[in-house]
Amino acid sequence: MVDLGLLGLTMQHFIDNMVSIPLIQPLIDYLLGIPVIGFVVAIILWRPMFALLIFPGLATLMTVLLFIIWFERKLTARIQWRRGPLEVLRWAEGIIQALADGLRYFFQEVIVHRDAHRPYFLQFPILIFIPVLLPLLFIPVGNIVGIRTPYALPITVAIVSLIPVFIVAIGWASNSRFAYIGTVREAFMYFAYEIPFILAVVSMILVYGTADMVTIVEKQSIPGIILNPIAALVFFISTVMATSRLPFEIPEADQEIAFGPFVEYSGIMFGLVMTIAYEKMYILSLLMSVLFLGGGNGPTIPLLGDLSAVIWMFIKTMVVMVALSFLRSIYARIRLDQALRISWTAMLQISLLAVAIGVVLNLANVV
Amino acid sequence: MSENVEFLGSGIFAPFKKWGTKWSLWPVHLVTACCGVELAHAYASGYDGERLGSLNYGIARQTNLIIVEGAISRKMARVLKITYEQMPDPKFVVVMGACGLKGGLFWNGYHMVRPSDVVPVDFFIPGCPPTPESLLRSIRALQEKIMSGKAETTISFDKVDLSEIEGRSSAARPPTTPKFIAPTPSIKVDVPKDVDWEFGKKLVKEFEKDLNGLYNSITITAKNRIAISAEKKNIMAIANILSKRFDHVKNVNVIDLPHENSFIVEYQVSSYSDKKLMPVVVNIYARIPRDNPRFPSLVTFWPSADYLEREMYDLFGVWFEGNPAMGERFLLAPDTPDFPLRKDRKLKEEEYCFCEVRE
Amino acid sequence: MIKIKFPKLKTLDNVKLHLDALVVGAKEAIKPGTITIEYPRERRLLPDSFRGYVLFSPENCISCFQCSFVCPANAIGMKLAANNRYYPTIDYTKCIFCHFCVDSCPGAALRPTKVHDVVYKNMNEMITSTEEMVKPPKIVREDGYTVEYVIDGVKLILRRIKEKDNLIPEFKPHEKVKEYSACVMPESCLACGICVSSCPSEAINLSVKEKEKELKIDKERCTGCGICVKECPVQILSLVRE
Amino acid sequence: MTEKELLLDVPVQPPTELFLPIPKKFLEEAYQGDDYLVLVGPQHPGSGHMRIIVRIKGDIIVEAIPDPGYVHRSIEKLAENRLYIQNIPLLERPAIMDTGNLTLGYVRAIESALDIEIPERAKYIRTVLAELSRIGTHLYDAGILAVFMGHTTGFMWPFALREPIVEAITRMSGARITASFVIPGGIRRDVPWNVLEFIRKTTFVIERRLKSFEKIFIRNPTVIARLKGVGVLSKEDAIKFGVVGPFLRASGVEYDVRKVEPYEAYEMLNWDIPVSDDGDSYSRFLVRVEEIAQSISIIRQAVNELRAMPEGNVISEDILADYSNASSDIRGYFFKVFGNLILPQGEYTALTEASRGTLLYSIISDGESNVPYRVRAVTPGWYYLKGFMEALRGERVADLQAIYGSFGYFPPEADR
């Protein structure tokens, strides 16, 4: 037994709170017996660490990124009567296309143009990962959760709301005309979706009577989407707006303002800023599956133990992400003022309705 | 071997660099001329260039391939250069279409530049426009180049010996050019023609009455075509009268007559509002001296003449007095020689014979 | 006249239009109407009249220069071969594949092929000499299938055949009309000899005996190329038929 | 003035100063006020090969100044230096996707000078080719409009639909895009029946697939929202600024050269002009969608007429003269027949309804040379550029692309 005496942590501490997977339990037991590897395995399988590193954390995030970029292109291509990325790995329908693009970006020159604010221009695309990754700690998958707190939901929403601030900063550091227009649009869009988004979340807090996401998932014997479909709709549309996907791809609008805030980025820096929207999309999809689709709830597969919740959650998240990708090939981009009008009139009205439903359900004590 | 390919093939990451770049050749959205039609076909459903990992993408900073789509004009050459400079290394250039190689159809035009003089080019595609297949072939060839480090032409020829065929004992005299250009051409834009057109004859009568004393002659040159010859000083008055019936300008034209030391300036006007006048095109023209080419602008009567007049100033140097934009380049690049459409601006002549006549 | 008027939309109409769009998208996602030809692996079947690279048969060439004259891009230049005849060379940097040359060639010496998907690494290689134009060129081919566009009723079908397309179609030469050059006004002849020296097939003979000028045109040798007719400074030659 | 040779010496160094076609004063004036100048193009994902200098106040366009000429290829000058027949491919180049109409315009100017009557069969085949080009161009423009609004499916589908049209043109003429098929006196060669049948079937494919295109793009609520009431050109303005073609008809003027001054087989066929009164971007688009339907009907009628006609004779005897054996296929006699074509003295102006509007070719001949003395080409794009710039005034910046797309502005066509 390795002893971290100072912290008072022992390996047993991790093992007590470990993800249980009956299927490979003998293997885990065997690995735990080996001195250093055992400790590493224990830490990785320690529930909070598992949440951070494996699911819904980094490993899944990376896989999902590579997958969803490919999948989006493939689905769009399918609807558009063509094949999409293919020849890079023909037998697997070119599934590693995003990897090739990423590698190419990685080895491309990073240009910082003369007028840019050099330190911020290079810092922000990296700093932006803080608000992008932090919410992953609060999202529960069955009993795997990074940090369990009764304020998990408000904290998550608050951190996610920080992302546009960073994008505005990126646009400011770029010091370009199109970046400027793009950031202004981003800021406007932020005001457009934030209120309906928060109202939708509030209505769900009212429905469940708690802001603790673990409890919310536990309480969902009936999925939230059936209890409050209007809140689900508002949440979905706000997600589309927040991740600037069509038809609300307004801040990035490549045909109008050439990717707006990201116009001057090149090489791996563009690779980083381009994935922000997808990462945000992943987090909001996780949130949506927690709030409305019952999170990790689902028929338990005994052999997989805790992993069955992971699989259910993953499937639900992917369904949401696929639905978001599908919109790309259906809609045209609408104008900023139209988007603002939609959110401040129709969206606001129905989100208030969603809150009303939440209040009613709360008073009726349905859940 | 270009430095881009050298960069990709160096260092311990070379296989990753090469593989990543090979499957991710993103052409920038730089449409330069009409070959863009076939480029669009190559990347649309019919051929789908995205299969090869090549995705048509927005702007220079985020891409690594320029597909020069045909003609590069003097004006565009700067843009091409700037775009190339904006692009992060490693980057590649493919030129498609005859216009982009040596000018193609426009090989002796005054506004054409060879892209290979402006940026380093990796591959050239013949055709006007090249088929989408050949564009995708260039992507394939570029992928091969990235992997092997060497560019390969994808066609090879077998040579045959021609000397066995019976020929002449000595070389024949090569024929002269098939073009015949009259040294002192006589230009007349109102050649009368006898046509069966009652309405026109009536219209000519009306014009004769309305424009009494202002015109030199009114002729029917073809069905639906009437030419009114006038002096420069009367043009404004004629336009004032005609603009009540004819509401738009179809054409502003200048004809250069160096041997007569004059320009003919034509305004062809027609009507959209009057159904009967719709097919009628009335040509009002006047001669002006070549050494002081000034003409009253008719923009006040016909705003639709604005850009046409500016174009004519660009090409011929006829100053349309009253058009506010005179004296500025519109279509032409700043470094193009002045007034290229004047007849004394000669173009390079065709060569029909790659031959040194053996005596 | 058809008046186009778009009605004002109510909320319910809007919802219907949204649903329409989504349903069409979903339908295509489930059962796509893909029409992609996967080019390096497949090749589209082109009609035999396709205007691609040009092949040349020297035995049919009468060195009439017409291909060079008609070329709108001046891509064809005649080159003097070892046997003292002019044969065309094509500069593919300028060629626009209009095939005016093929349509002009009176001897059917030029013929079209379906070769078109070619890239070059530099422009010097693109000037194709006469010697190279005789045999079909070899191109890099990765295709195993040939795809044909077939319309069955209202459906567009891509018919895939597992065989390589022959890029050199059969060529049917046009019907030729035997023409030859003849002097219509012998009395005006200047005896300058331009026609003699420019005739590619040495069919014209000029004998000047003191004041007697005699222009003899060998009907057998004359190919009817028309160069002498064009070159004659007093324009007394013309093409005639039997 | 001295004789000067034009030489190509282009500075290949990137310029230190940006060349703008506006006076410096204007720049300063704009920046001193609250205005803001945005240069859109030429390397911009939402512009073609031109630059638009947009002066904006807040989100509203105060003024739009065009900077065309990026694709000015000196076509008019070159046409004065080439044989009449060599100008056919040259004058097709302004808008190659519209090959049928552009070559037809030039050839009709020649025919009007020579006063020749072309064979009936050639007339119908020319009509079919022109209408195929029209459908193709309208689909092309629809695709560009779609991609300008971020609707990628709306871009891919029209281009997919162009594929069978391109296939039909290939089977007719041998080239995918640049057919160069129309020659003075007729067409280059007769089109066999199986190709005509393919063209007729193609129209059904297009019609069927257009139905799903209508649902996903034409009637898509986001598209309607973007285009409806945007970039309005009133009837008076449209006439004043000389807008042409479908864009003029969208503003309520019933003007179509095919009806006003009928040529080819249009008089014999039954079709209508679509007109709209709204004058906004959406009606400009819808008019062209309706024109596709009309073109489809024209092609079907023309092919039906062609079915009854004997094959063969497609080139006028008047122009072939001695070589009448080439009347069904010009192969072998092309230069002999057309090489020394000389037009009588005078000016010949032919108006043609190209896909994007009126196309004017004016040939001035001196009656002796076998090259034209001057060729004036005014393309539809050049006509409506002024109207396009006026339509931008007072709209939002984001609408620039929508209006651009709704005009189907194609710079190579405008710049020539």
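When the chains are written out, they are named A, B, C and D in that same order, and each has its own residue count from 1.
Here is the rule we use: a residue touches a chain if its C-beta (ideal position, glycine included) is under 8 Å from a C-beta of that chain, and two chains touch if they have at least 3 such contacts.
The shown structure was predicted, so the numbers you read here are calculated from the model rather than taken from an experiment.
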Determine which of the two chain pairs, B-C or C-D, is joined by the larger number of C-beta pairs in contact.
B-C
Relative to chain B, which chain's C-alpha centre is the most remote?
A
How many angstrom between the C-alpha centroids of chain D and chain C?
25
Could you give the separation in Å between the centres of chain A and chain B, each centre being the mean of its C-alpha atoms?
51
So, what's the distance in Å between the C-alpha centres of chain D and chain A?
47
What are the residue numbers in chain D that touch two or more other chains?
44-45, 82-83, 89-90, 153, 156-157, 160, 163, 178, 216, 220, 339
Interface hub residues of chain C, defined as touching at least two other chains:
21, 25, 28, 33-36, 38, 40, 69, 72-73, 96-98
Enumerate the residues of chain A that touch no fewer than two other chains.
79-83, 86-87, 254, 258, 329-331
As the complex stands, chain B meets chain A at residues 8, 13, 16-17, 19-24, 26, 44-45, 48, 50-53, 55, 58-59, 61-62, 64, 86, 88-90
Once bound in the complex, which stretches of chain B touch chain C?
45-48, 51-52, 94, 98, 101-105, 107-108, 116, 122-128, 130-134, 136-138, 140-141, 151-176, 178, 350-358
Sites on chain A touched by chain B in the complex
73, 77, 80-88, 94, 97, 99-111, 254, 258-259, 263-267, 270
Counting only contacts in the complex, chain B reaches chain D at residues 28-34, 36-38, 40-41, 44-46, 58-60, 71, 73-79, 81-83, 85, 99, 105-106, 108-114, 117-118, 128-129, 131, 178-182, 185-191, 193, 221-222, 224-225, 227, 247-251, 253, 255-256, 268, 272-273, 278-279, 281, 283, 302-308, 311, 315, 328-335, 337, 340-342, 344-348
Can you list the chain A residues touching chain C in their complex?
75, 78-83, 86-87, 326, 329-331
